[in-house]
Amino acid sequence: MIRYIVRRILFLIPVLAGVAFCVFTLLYLTPGDPAKMVLGEMATERAIQEFREREGLDKPFLMQFANYVYKAVTRGDIGRSYVTKRPVMDEILAAFPATLKLAAFAIVIAIIIGLPCGILSAIKQYSIFDTAAMIFAMIGLSMPVFWLGLLLILLFSVHLRWLPPSGFDTFQAMILPSLALSAQSISMITRMTRSSMLEVIRADYIRTARSKGQKESVVIWRHALHNALIPVVTLCGLQFGQLLSGAILTESIFAIPGVGRLMVDSIKARDYPVVQGGVLFVAVAFSLVNLLVDLLYAYIDPRIKAQYK
Amino acid sequence: MNDLLEIKDLTIHYVTDGGTVRAVENLNLRLGHGETLGFVGETGAGKTTTALGIMRLIPSPPGVVKSGRIIFDGEDLLTKSEAEMRAIRGGKIAMIFQDPMTSLNPVMTVDKQIAEMIRLHRDVDKAESLKLAGDMLELVGIKRERMHDYPHQFSGGMKQRVVIAIALACDPGLLIADEPTTALDVTIQAQVLELMKKLKQQFGASMILITHDLGIVADICDKVAIMYAGRVVEYADKRALYANPTHPYTIGLFNSVPDLDEDRESLNVIPGLMPDPMDLPAGCAFHPRCAYATSVCSESKPEMMEAAPGHFVACPIRGRERK
Amino acid sequence: MKRNGWVVLLIILACVAGLTYHQMRRQQQAEEYGYESVPARSASGEGGRTDAKDVLVVADQYDATSMDPIAHNDVPSSRAVYSLYDTLIFADDEGNIFPGLAESWELLSGTEYKFNLRKGVKFHNGDELNAEDVRHAIMRATTDAGARIAVYSQNVKDVQVIDDHTLVIELKKTDYSFFPSLTHSWAAIYSKRAFEELGDGFGMNPAGAGSGPFKFVSWQKGNKYVLERFDDYWGPKPRVKTIEVRSIPEPTSRTIALETGEADIIFPVVHNDLRRVDENENLVLYRKPQNSITYVGFNVTKPPFDNVNVRRAVASALDVAGIQAASYRGVGNAPGSLVPSAVKYSLNDVTPVRERDVELAKKLLAEAGVNDLRLEIWTNERKERVDSATIIQAQLEEAGIKSEIKVLEWGAYLNGLLEKRHDLFILGWVNSIPDPNYAISGLLESSALGSTNYTFFSDAKLDELLDRGRGLEDGDERAALYKEMQLYIDEQLPMIYLHNDESIAGTRKNVRGFEPRSNEIHSFREVYFE
Amino acid sequence: MDAPVLKSNKKRGALMEVLFRLKKSPLAMFGFFFIIFLAFTAIFADVLAPHPYQRQNLSHAFETPSKQFLLGTDEFGRDILSRLIYGARVSLQVGFIAVGIALFAGGMLGAAAGYYGGWADNAIMRVMDVMLSIPQTLLAIAIAAALGPGLFNLMIAVGISAVPNYARIVRGSVLSLREMEFIEAARAVGSSDLRIITKHIIPNSMAPIIVQSTLGVASAILNAAGLSFIGLGIQPPYPEWGAMLSGGRQYIRDYPHLTLYPGLAIMLTILALNFLGDGLRDALDPKLKR
């Protein structure tokens, strides 16, 4: 098991190098001079020149990249923000809690709603509940998050005055953004739970359990659910990873200072070190969540565990 | 003598959007105490449906038991409540399924799966049930230290032993084995069959063995029922049937078994295919493929007749010939 | 499944139809009964705040970028700086100067300003204000660290410390616009010791550095910063204990925050919420003309826009007042001059707004030999500017000028402008200091080429006039000179003036002592709750 | 054989079969017809739109639905219905072309990776891993920022960010097909690699690709609308649904119809594509059909 984890983490290294290179190239191609953006429109030529030298922007592209990698590897230094002068890691860690909170809220909502709906849908296949749940799940999948966000604000903030439309300091303020963000996950979890349940319910071992004279409810809860949950757990994990990194639109609508907004703002401000560090961070977070999911997978599915040697 | 199991006029249909599948039609069977019945037929003949019908485990929808009675130990199973049925399943009638690879819950250790059965039907506590589960495993030839393993850690043959252990855990009166060896390697098949034969005797249970392998039937069965398109077409004592196959379909079956003694180039295959169960031919379902068929065969359903004492056959032509 | 599917689908379609219908009905009712009133929220829902409220919650559009006085050039940061620090001198909204950290001052010559510092002024870290602190702050602004505000600091030659409380600022050359610039946040004074201790983190966490009425508590970027009353403040002490400045970019959310009492002060209030705030009896709306201008510039180096008649043709094709009214919807007005009204010597109020004359436009183009003019209109993402561009496009079309709009995000926009790839562009200019020099020089002087002069207008006569203007003390001569400049610029037409903005803020009714300022650097020093 | 193989000689039959199966699902049929309808609208936008999409009439700004303006007008008095109709053109273009780009690039890479295996497979799939570990929205934003605004750039940004999805699927199906007998047979008679890939492997891996593409068009449209929403999309005055929504959000309290209809348009389109995709999945893969 340990060896498996180590191998997975080692495997991350080339991926991260690739990600860094990708982002580096993209930023290199992006129009807009960071020196001009950071120092302001009125900056003198000398100041700009000095900034370029200090940040190594005057060097050839590959040199810049090599330098970045060298510093990151030898000193764990991924640079400082051009704008705030703070270490990039501090910037990201300041923004991360908001994103984490949002993602956690959203995934919890998604599981609380999606799982029972999916199970019920599967048990009562072809019922009106099933059809409605499936169609609503499809609508949830099809709803653009920015539109849903606006509708939620319109309903709960403007008309009903129940919940604040922005911020994230209070529990109430978290409700709307997490709801908007979770719509997709709810739908996916519902659909996945249902199809997984349907598949499992038809499995031979469920018939075996029934042939033992076991109660239907026990058959469903003990035998079917555990097995059906295996792919759902994976999905939840992947969704959580997605939410951690992909809440850009939600964060911008609800004014949540998370990683997504930090990234977009940094791209706009040409704060390259933050963009680079941020994307790397997101990639690491995403990969680690995936690793955790795989480990969890091993925990709930003994067949998988055997492969992680 | 009272039979352990008597099935009368059992009809089971699957009703789907595309039409009705007549999986079992007017099926009649009897099985005595301690007897082993071989239940033979092609895939799709309705053998498994019959077995599930006895267990009352027909998936519904789409399955519907249209008519008939299943009298087990003097009581009609079809009139039992679900709760009563649960006590019978596993406790009095146990089933072994075809594919041991999939019939065990992959996320539960095997001892727990056996213990679950024991706790459902016997008044024991958890620890006791686990101990008994270990005993059962030893009985089927699996070492006790492996009781905490998961199914995927066992080979196919061993999994089937586990399944057998589960089925016999509560000393059932009737054991239904649905092609228990089809999914196994040939070498393992013999071992598992041997084990079943031994344990069946040890536990004094009756058994229905569903198979399409006439060799296995010859090996362990006392009686044989041949099934075709949802009906039993021939039912007899094993010796009588092997000595004197009467129904044209049975004859076809026997001819299609390669005989090592004879030196022939090709097998005698029954011409044609199994009919579409949604659209069975009128009259005898076998008549389009039957060499003996006359005009009568396509007009009326053949009744079961006793061609010889204890030898029933559902063919007016061949049945009368024998008489 | 089949039938259920259709049923549910029908229900959804019915919902959509119902929504549409509801929408239509609502509008009908609104038309019948006048404007729909949104029920005001009951007092119980106001977050349990009581009379003894001492936390002032402010909702701004954007967060500050840095609290280092010289590391930014944006109003949200300047506002933060204004709460945390003091400047040597202060100015009121009419441009009158009064003492700040300097008790008195003296113009020794055109290039020398002597300041006598107030005694006993404490920084938040407990240190006492010393002339060395002032010297350090001003001189640091002249280094590259002050690149963003170089326009103000570039003329400083040296700061001489006479004694602990006396100093002289020396300029390189005479510039009478320099003195009022000391009221700008760039000239905020901070403790040298605190600065050295804080190092690179100064901009993000200036704890202890300022001497202003509020001290730094915390700052969560993109969300809010919190400041607390400084009890040893030398001047009138603020009456609220804590201020919390949140950034809420979405205008609708900002207004809702005010309505629900989540925020006590919000700015800006967008045009479509003006009435809503104004008519709500729990809220007060403040409007004030702003010292800023939004303009449509030409790239005068790019043919055919190097021809003043082509520029005139384009200008004639536009109904500036109409565009302004439609994009800004009742906020601000179309300017007559480059220098905003509140800045001295402005001709803004006496010059008529350019009128539309499509025929003239066509004629001028024909005369200039330009047929089939095609151009690009560049703007950044600000909604009103994009709206303006959209209308400009439609109006140009009517004069036979085809155009394409390019909405660029800020970095790409500036980059493109500097590379002179643009034709027409929409940009703004804020005068934080009420001196006409700043209203003109940064936009049109040759010295601003490559920095903020994006029209690339370079004209010897204007340069000369600007230079003279800076060398003159306020008076009739200076007034005449700046008026001449404004008329000259109108003639040369490097840009079309589009919009003078307003500073608009909304507050809860119980908020007192707040008024928006025309330079947008709103002050919370005197705010209190009733 | 387990995999649903659409043999080329039975192409028409298979297509009819798929349509027949599709017909059994009302939702998929709804999706199918809605997309057809939308495509029709997009193609004939010039004829169908009651007003030119860019025509402003400031005195008619913010009108709610009426006979003259069926879905009302926006802040410039432009007819929302007309803009939605032209917006369909943009959205479908973006959706299909972006998926086209992704499919072409991803398909090539995936096919090469799956077919050649070994070193090539490793190299290609590691690059895909890299792309997959950057969230798609963020990647699209970065690409869009690098390329600058505009319809074509938007398509490229959305397309590129979706490449790995297709590469993976194509690779998967190629891997499963590679060892099949008919491919072996083609190889044995000396067909070239290219011929084997284009004549045998691609047609036979169509089923999952069709499904993924249908769903991919949906997510491309959604992605593009999201980019437009944050201002990295289409240039005004050309109507794009996401941009319309973004432009109207400031007026959401007084004139919700400005955001309601573009939002509905996006949602219904995505819904239709998703229904269709789901239906196709069931129709193309009898294994999953219950």
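Here the chain labels run A, B, C and D in written order, and each chain numbers its own residues starting at 1.
The criterion applied here is as follows: a residue touches a chain if its C-beta (ideal position, glycine included) is under 8 Å from a C-beta of that chain, and two chains touch if they have at least 3 such contacts.
Computed from a predicted structure; not experimentally measured.
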**Asked** Looking at mean CA positions, which chain is nearest the middle of everything shown?
**Response** A
**Request:** Could you put a whole-Å number on the gap between the CA centroids of subunit B and subunit C?
**Result:** 87
**Asked** Between subunit A and subunit C, what is the separation of their C-alpha centroids in Å?
**Response** 36
**Asked** Approximately how many whole Å separate the CA-defined centres of subunit A and subunit D?
**Response** 22
**Message:** On a C-alpha centroid basis, what's the spacing between subunit C and subunit D, in Å?
**Reply:** 42
**Asked** In subunit D, what residues contact two or more other chains?
**Response** 27, 145, 148, 249, 252-253, 256
**Asked** Touching two or more other chains, which residues of subunit A qualify?
**Response** 30-31, 135, 139, 153, 158, 252, 268
**Request:** Pull out every residue in subunit C that's touching 2 or more other chains.
**Result:** 1, 5, 9, 38, 250, 252, 409, 411-412
**Those chain pairs that satisfy the touch definition** = A-B, A-C, A-D, C-D
**Message:** Quick check on the complex: what are the subunit B residues that touch subunit A?
**Reply:** 55, 57, 59, 85-91, 94-95, 97-99, 102-108, 116-117, 120-121, 150, 152-153, 163, 166
**Prompt:** What does subunit C use to touch subunit A in their complex?
**Reply:** 1, 4-5, 7-9, 12, 38, 41, 45, 63, 65-66, 73, 144, 147-151, 200-201, 203-204, 220-223, 246-250, 252-254, 256-257, 260, 262, 409-412, 414-416, 418, 442, 448, 450-452
**Request:** Quick one: which bits of subunit D touch subunit C in the complex? Just the residue numbers, please.
**Result:** 24-27, 30, 54-56, 58, 61, 64-65, 75-76, 145, 148-149, 231-232, 235-237, 247, 249-254, 256-257, 260, 264
**Request:** Flag every residue of subunit D that touches subunit A in the complex, lowest number first.
**Result:** 27, 126-127, 129-131, 133-138, 141-143, 145-146, 148, 218, 222, 225-226, 229-230, 242, 245-246, 249, 252-253, 256, 259, 263, 266-268, 270-271, 273-275, 278, 290
**Of all residues in subunit A, those that touch subunit C in their complex** = 30-33, 36-37, 39-48, 50-51, 80, 83-86, 91, 94-95, 98, 126-128, 130-132, 135, 139, 153, 157-158, 161, 164-169, 252-257, 261-262, 265, 268-270
